[in-house]
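Right after this note come the structures.
One chain, subunit A, links the two complexes that follow: it is found with subunit B in the first and with subunit C in the second.
Now for the complex of A and B:
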């Protein structure tokens, strides 16, 4: 399975994270997104006319929407990451998968503006980002009242993976996460999952790493 | 919040949002703080600045009974004194390396921090159960107008005819921190409804603030 990938892209990170959590090994094909704009070049446009990454290629299947890629990886290797057959849970997964597109547009747009100088109305992007974070916070508060620790169930699903990266990287776009205690606790839960992997700016819970010993420090 | 009753005490967070072994950022009139709870459950508040290189200690992590800076791993005890410098494993850090600390009190599920030395205790809030915290771009007077009632000396705003009670504190960045508390026994459905009611109040207060009506 080949992933056209860019290390700093939160959408590509979703795919790498889902693959790691469900035990799928990916053949990573790095894309020179910045400054090369390789995703807008002829080779990648032939695969994805929309000119976006990630692109997942598996045989003659080509997927270019990150939520679809998450569902594909989970269906192949980690069905427990999909919704169960409970209608409410299935609907919640779809709700947050769709919602994740708004995080990409708002927080992701603000991040591209601040990091890669992409033109845009930064105030509007940040305002929309805050509105999205407030919705997510409210959703998590309500889930907690239902005895559920994640967005769609009491276990993490593709919905959590779809929403997590752009939220975790919101400060890159100048949007603070200080005001969202439920999001903070949810992020800790995700970052302490067994097979969690990092990307630049998103780290595993540091306290879960072994404390360096004096002997190791001397080496 | 600096009313006569609360003195220098600020309600900075809800207990449930700071589990053992975690650190969070918070604000008091004296500035930004790192609020943390050790693995054994002891609460501490220190200035949010590592004395070594100025990194925010709230970006750090809690291991055992110490708070460590994410930058170079300098560790601090509850009293703010540095107890470990990983780059100098044989060194006992001198007493002079310390982060400023503040008094912390926890009562009824609310964590209070004092901005300065005080003999007083934070107010006791009887019969109220915490639900959630939120911040708003509106000031206290806009929230009062939206709720149709004034804040008490303790900073409590109680809209008429409901279970909702808002504990508000103004921050020096123009935002207001709201702890949503509930009166009496409530079911999960009540709590979800109250949480949405608080969101509506926040929307109304922010509308008022934007239009300049409450200023």
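Now for the complex of A and C:
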């Protein structure tokens, strides 16, 4: 499976993260998104007329929507990341997969503007990002009331992976996460999963390591 | 804050290969400027009041100054050696003092914690003793004999090596790093951090490299350096106070911070204080 990838893209990171968590190895093809704008060049436009990355190529199959790629990887290698056959859970997974597009448009747009100087109305992007974060916070609080620690179930699903990257990187776009305790706990839960991988701006949980042993005082 | 001492310095304001006639509207030390090409295709920088600013093309970037530079853009003789590949890494904006961006570049103690498994790894956290001086003849800050264990020192490195570094600050918002070159042990890779001060608390950073590496694809070289710098960015944006403190009352440095101490002393000596905090608050 070949992934057209940009190391700083949260949408590409979703795919790398899902692949790592479900044990799929990817053939990474780096795309010079910045400063080269290679995703707008003829080779990649032929694969994806939308001019976006990630693009996943597996034989004849070409996928250009990150949520579809997550579902494909999970279906192939980690079915436990998909919704169960419970109608409510299946619907919640779809709900948050679609919602993740709003995170990309708002928080992702703010991040590209603040970090890589892409054009955009930064005030509107940040405002929409905050609105989306408030909705996510509420969703997580309601899940907790139902006794569930993740967005669609009491286990992580593709919905969590779809929403996590743009949320975790919101501060890159000047949107603070300080006001959202449920989001911060959820982020910590995801970051402490086995086989979790980072990207620049998503830091490793050093603080989860064992406490250093303190030498007894010799006095 | 005083702008006067830093106003006569050269600053990077764009990638030379990406200039166009439409121009890039940006800021230099709070002044709106336009970086564009003129009718003859030459780089042209216009200041806030329409005046034409001095221009140089050096190290893949356009350089300008709001004042009257007394020297040319600093030399990097190694960068002119034949056989090197030049990498325009691309601009990254950081909400931090331009001086803090440079200081972070000079620090190695954070490698195992911020650049985990690339430029450092626990438990190899010790910063061995190294030499720091302000070279009076060239008026630059230099740190030499800096050694650090690195799991993946460069894109061209396979496996962990003890890497040797030399750091150099030839201008208040620019630093040049010389680093063990895995494919050519007798030469140094050149990695620079050119910082454009937009305001005292906002900067555009233009990393650039001149490497001996004929094998690694250009995009991989760019992504390696962007990975490193973007790991730093979120740390830089959270440093407090936002201005670089030059008052020694504010912090207690350790031996590992000798380069930073020299850099701050050198800034203070020259009154290079745009982006600095003079009195601890």
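Criterion: the second predicted complex is superposed on the first by the 207 of 219 C-alpha atoms of A that agree within 3 Å, B and C clash if a C-alpha of one lies under 4 Å from a C-alpha of the other, contacts with A are read in each partner's own complex, and residues count from 1 in each chain.
We take it that contacts are C-beta pairs under 8 Å (C-beta built on N, C-alpha and C of every residue); 3 or more make two chains touch, one makes a residue touch a chain.
Worth saying up front: this structure is predicted, and the values here are computed from it rather than measured.
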Exercise for the section: Please indicate which partner A:201 is in contact with in the superposed arrangement: first for subunit B, second for subunit C, both, or neither. Expected result: second
Exercise for the section: Would you sort A:114 into first (subunit B), second (subunit C), both or neither based on which partner it touches? Expected result: second
Exercise for the section: Report for A:38: first if it touches subunit B alone, second if subunit C alone, otherwise both or neither. Expected result: second
Exercise for the section: Considering only the touch criterion stated at the top, classify A:146 as touching first (subunit B), second (subunit C), both, or neither. Expected result: first
Exercise for the section: Determine where on subunit A the residues touched by subunit B overlap those touched by subunit C, and list them. Expected result: 206
Practice task
Over in the complex, which subunit A residues touch subunit B? Could you list them?
Solution key: 134, 137-138, 141-142, 145-147, 178-179, 181-182, 184-185, 188, 205-207, 211-212, 214, 217-218
Practice task
Report the residues of subunit B in contact with subunit A in the complex, numbered from low to high.
Solution key: 13-14, 17, 19, 21-22, 24-25, 60-63, 68, 70, 73, 86-87, 89-90, 131-135, 175, 188, 191-192, 195-196, 199
Problem - Sites on subunit A touched by subunit C in the complex - result: 6-8, 30-32, 34-36, 38, 114-117, 171-172, 174, 200-201, 203-204, 206
Handout entry: subunit A contact footprint on subunit C (complex, rising order)
Key = 15, 18, 88-93, 95, 113-114, 116, 204, 217-220, 222-223, 226-231, 233-234, 237
